[in-house]
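Before anything else, here is the set of structures, which you'll find just below.
The two complexes that follow have chain A in common; it is paired with chain B in the first and with chain C in the second.
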Partner chain A sequence: MSNFTFVSQPVLGGFKQECKGVSIIEQTKLGIVSVACPNDGDAALAASIQKAFGCSLPKVSGVEVSDSGTMRWLGLQPQQWFVLFEHSAEQGAPLATIKDELGDTAYCTDQSDSWVSLAVSGPLAITALERICPIDLHLSVFPVGTVARTTMEHLGVIITRTGDEEFLMMSATSSADSFLHAITLSVKNITA
Partner chain B sequence: MSQTNRIDGGLVNRNQSYSFKFNNETMHGYGGDTLASALIANGVKLVGRSFKYHRPRGIMSAGAEEANAMVQLRTGAYTEPNTRATVAELFDGLEAKSQNHRGPLGFDVMAANDFLSPFLSAGFYYKTFMWPKALWEKFYEPVIRASAGLGSLSGENDPDQYDKGFLHCDLLIIGAGPSGLAAALTAGRAGARVILADEDFIMGGRLNSETHTVDNMPGSTWAETATAELYQMENVRMMTRTTVYGAYDHGIFGALERCTDHLFDGSGKPRQILWRIYSKQSLLCAGSTERSIAFGNNDRPGIMMAGAVRSYVNRYGVTPGKRVSVFTNNDDGWRTAIDLKAKGIDVTAVIDTRSIPAPYNVPNAATIMGCRVIDTVGRKGIHTIMLSSGQTMKTDCLAVSGGWSPNVHLTCHQRGRPTWNEKQACFVPGGDLPVGMSVAGAANGDMTLQSALTAGHNGASSILSSLGMSDAGSKIASASEESAKVSAFWHVTESKSRAWVDLQNDVTTKDIGQSFREGFKSVEHLKRYTTLGMATDQGKTANVLGLAIMAECSGKTIEQTGTTIFRPPYTPIPMGALAGRARGKDFRPFRLTPSHKFAEEKNAAFVETGMWLRGQWYPIAGETHWRESCDREVRATRESVGVCDVTTLGKIDIQGRDAAAFLDRVYANTFGTLAVGKVRYGLMLREDGIVMDDGTTARMGEHHFVMTTTTANAVSVFRHMEFCRQCLWPNMDVHLISATEQWAQYAVAGPNSRKTLQNLVDKEFDISNEAFPFMACGEVTVAGGIPARLFRISFSGELAYEIAVPTRYGDSMIRAIMQAGEEYNIVPYGTEALGVMRIEKGHAAGNELCGTTTAANLGLGMMVSKKKDCIGNVLSQREGLNPEKPLQLVGFKPVDTSISLSAGAHFVTKGAEATMANDQGWMTSVAYSPILNHSIGLGLIEDGKNRMGEIVTAANPLKQSSVDVEIVSAHFVDPDGDRLRV
Partner chain C sequence: MIINHPLLGPRDAAEFVYLGDASLINRPDASSDDAAQAFYEYLYLRDNPAGEHKELWYHEQGDRSWLVVTRNTLTHEISKVEIARDVARAAGGSA
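What follows is the complex of A and B.
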């Protein structure tokens, strides 16, 4: 039947808040694919990624950007990476973007709908995140191009630094409201 | 009231006049005052009543160690009891009340206790109130509880906001006195990431209270200059009003920052922040606390610590008295007399316990060496002192100094024990300090200003070296000379009156003697028996005094006597700060299903399952009881079709060449033989053979499986499997990732479920019974291309499917399913109906998988394959888990079907007494079946399979019920499974 209406809904409705030194913007067009390396397949995977995306595999906590500048590879744990790239629902399944290129050299799983992604930036971003983020976000410790898995307000969070004062933070879709509340309350608490 | 005791000088801002109330009387003070200094300025001496004897008490200190001046701050729900007036920063509009008195502060009827003191000595409550026994709960305890405590809570919810946070640094400096500032300058100038925290609202510590010079400028000016420089450093975080209250593992510290306590209105911002500070190194510069000397009636208002008197005079510009006397055993006490004289305040006498030449000349004051104060007079304010020499002197303030005790607390938070320094008559840090901690300044026994400045600088330099940095050539500041000689003197033996050791808990020298005589000789016993060192001040001024007296009693040295254990927090932490944001609906995170908005529109009643909010039932117009909704949903589903959000079930994506072999090891039954496009029920055991979890696993490809777990065990099963993958079988080629959040999954159940889905699934996918039979799975598209996964599985016992779409389409999907099933009168059903249908079908769930049951108990023993090894296989064969007559899961129906069953009831032979000896098992789940129109139950009973038709009694002593039930098949509905396969 063709009379059904399916709407791709951002988890937080495309939340956007820009105020007083910190902006919070939901990333609504983000494809996320988990890539795992088969045992003894490191070299083959590295080669296929180099060939397809023009970048090498980052180490755990590292980030590599594809030569096109449109894909970020986050090293999350040994033998596992998340690939982040711009993707909209109209483009079909995000999984294909990666899986079609990597073939049997990787085990790929679509994670695009598993995570709510918030870009948190601004001169007071770190001051706000101090209230919930247990890891050290000082530039000397957590420079641009690093990623970490941690917990904030009991929620699992992947945080990566995208600029001196810019972070991308990902947490589980189902608890997106609690995650957003944790961040917006932090901003509220540190701003006049 | 005018500020009769305000004098010139000090660091208060006289251009900032504040109005405040104490016991409803309006008074005035200045910015930079504490409540205590403002009260002194206004001539207030009587501030509160003591804990046990309700004796009049005044202000005895100028810091966190205050034991007497406890007040209730603010009003209404904002009321905070037991606040130390000495650290409460004054603000315009502050309201404070004295506490612990019945009737006015000046006439407390409970002061009668003071006259009954012979009956209320240490430990009296262990010896009295025993007879008659019946009076304890009805009379004694209520009266004691009503009398105990100091301030009182408002009884309302705390309206303030609190927050928590995390900080990181190379060096945490605890205390911003001379050593702390010196260390911060050295480390800050070197570029280290420094946090400098101090509990005061201005930095400088004792520099603000003394008249010493540093680098040829007044100490307070040097502190101000140093502070200004530090504020300019980006690598230094300055934290005033912040108490580092605890030292924890690995260089982690707890700190409480008081953000708005000094403001009339916090404007909705967090009142306090509880910080967790991660440090590479720490330098404790917490200073020292002056202690008292015990002599007769040494607790009267107007008797205070000598250093505190200097604080009030030098820092706050107020004088605690017009004719002050000093009683000391050390040189530092003399500085009080000198500073007072410099301010033009009369000093009556300096009484020194030491028989030595007077160390200083104090003009126009009697200097009496080798003498003691033996008693005082003046109930609501001291006016006379009596000396051991027989002299009597008029004085309205007695400044007492028994020496200084380094604030070693944080060095001991991991069971470190301080060591006794006989020369300085104090405990200094000793033994193993917390990892990464050094100590400098008075906290380490560096009792002169120069030694503190030097130690701070050197301590920071040493730490910089350990961090691979250099000190950038910072120079040590130079300070004026001073003497710090002391001769230990603890209590005046000539005193006949009670001599107070712990003013907060009304513990006297006699109490300590009594404790010793009655056998409570250890300092830990002494503390518990007398309450010495308990409550808000934790004995900061009393502990050393108390244990020194105990040492005298026992004939031991102070070192042999030892100290009690120091534990966090250093100063009190409000419960609100410990809770932080975790209150009300934000107590913990919550998880919403993709159909949550739809469920809200359908007036769903939600239930918390873990952190999830799930629709429990969906009432429609006219339904007033949950059973009406639930029964309707069950009937509608079994008669036609219903839909339930099952997104909450855990979903684990499993890929790898060894994925099937891996599943064979973690599941009791076999998955290697499962065909692609098929689903199988799986049973997972713990290592000990007990059932861990169950669910279904679908084979989406040769090396690709999707496992579902129960909602409750989604995380624990994933963790278990990761452990197996990483630790038990690291060579297996298998990878796991949670996909629970990725898919919005709905159970569509009932005879018309296929027809409903056929309206929705794109036509190129044949989901007829022939093409897509029971336990089939596959990837499909819906509504013209939306990707979906379809599983033909059933928890309800009906023809049923579970269909999943990417979460972004979850809301659209539930509405589309409702639209697709509209012609079949589809209903959404909640967890209650889900539960009823699974009980009717006899499916085990959380109540049965309760952590004590085996596969055999659940009737699934045959699933534990003997053809392969798996976790739990061996231990499931233990004799103890395989008795001759095992508990077996069966159904139960009441003999009288009008009676409701209750879960938790235990089975006994009909007519037998409900005792443990007669126990045969228990009812695990019950429901009212709208299909059978009576209550039904599942339960575990010995040898149940062989007892069909037998009547037993389900006894529930807690509810005082006893119901005869018949043992029946667990499958109340469709026992042959015909409905599943049509």
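What follows is the complex of A and C.
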């Protein structure tokens, strides 16, 4: 009898595209953990994060990077954050990375398999995104280290600015193909 | 229509879901003697003002917050946006 081994596959098969100066790369090794704190538990959580990861708790719309530079905390809403870090299946459950450190100060949920992540970058990335993104992405309004949760083409999207011309965009895996289609089509429609 | 979210800044109304009159926050006390009458009024009796109206909006495609939006029903002008939790707590609620 054969021994079968399950191997996890990227949602979009590791999609990569370079078109009209806009690069779209699926992020296939991203661990995502949702962290929520109890009512009035912000201070206790902030203390445990400072101790464990050497960063402060971001405000809503803010992003904080751990002192190791490998972990990003996104402030999505009052009392809730998403933590992003590099992670591959061989490393075990992504949840343990966060949960063991935070103990009782937070409620943690593994979200890694629920989101498809695309790094969209290039000089014309903002030109492509302004067609589908209702948020003002101008650098003066949406600087590096800002996150927003919004909709694009009716799909819920979390968008983070990771560089002057670089964005990380996350949407539900269940509609990953539609999400990719929305972005690639918007890039294709760039006329500049 | 743009709703100027207190935490996030201006957001398109398409990101929100409308619930209704903000008086829905003030749920009657179920243990009071006149609870039946109070709940009848709470559920069924609504003002329908032509002008300023306080209403509940939910930021479903954003930070999932409930907001109390003061909107003029004639002009759609929004004069005030507050976090519903703050409004409820200021009124003595436990939200």
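Operating definition for what follows: the second predicted complex is superposed on the first by the 188 of 192 C-alpha atoms of A that agree within 3 Å, B and C clash if a C-alpha of one lies under 4 Å from a C-alpha of the other, contacts with A are read in each partner's own complex, and residues count from 1 in each chain.
Methods note: a contact is a pair of C-beta atoms (placed from the backbone, for glycine too) under 8 Å apart; a residue touches a chain by one contact, two chains touch by 3 or more.
All figures in this text were calculated on a predicted structure; none of them were measured in a lab.
Enquirer: One more residue to check, A:96. First (chain B), second (chain C), both or neither?
Expert: After superposition on chain A, A:96 lies in contact with neither partner.
Enquirer: Which holds for A:133: it touches chain B only (first), chain C only (second), both, or neither?
Expert: A:133 contacts chain B only, not chain C.
Enquirer: May I ask you to decide whether A:25 touches chain B, chain C, both, or neither, giving the answer as first, second, both or neither?
Expert: The answer is neither, since A:25 touches no partner chain.
Enquirer: By the touch definition at the top of the document, which applies to A:151: first (chain B), second (chain C), both, or neither?
Expert: A:151 contacts chain C only, not chain B.
Enquirer: Between chain B and chain C, whom does A:61 touch in the aligned arrangement: first, second, both, or neither?
Expert: The answer is second: A:61 touches chain C but not chain B.
Enquirer: According to the stated criteria, A:46 is in contact with first (chain B), second (chain C), both, or neither; which is it?
Expert: Neither partner.
Enquirer: Please determine whether it is chain B or chain C that touches the greater number of chain A residues.
Expert: B
Enquirer: Could you list which residues of chain A make contact with chain B in one structure and with chain C in the other?
Expert: 80, 134-136
Enquirer: Which stretch or stretches of chain A touch chain C in the complex?
Expert: Answer in residue numbers: 60-61, 76-78, 80, 134-136, 148-151, 156.
Enquirer: Which stretch or stretches of chain C touch chain A in the complex?
Expert: Interface residues on chain C, with respect to chain A: 7-8, 10-12, 14-15, 61-65.
Enquirer: Provide the residue numbers of chain A that touch chain B in the complex, in ascending order.
Expert: 1-11, 34, 36, 38-39, 79-80, 89, 93, 107, 109-115, 130-136, 138, 141, 153-155, 172-179, 181-182, 185-186, 189
Enquirer: Where on chain B does chain A make contact in their complex?
Expert: 161, 163-168, 193, 269-270, 273, 276, 278, 581, 586, 588-593, 611-612, 647, 653, 655-657, 703, 731-733, 735, 737-743, 759-760, 782-784, 786-787, 806-813, 815-816, 819-820
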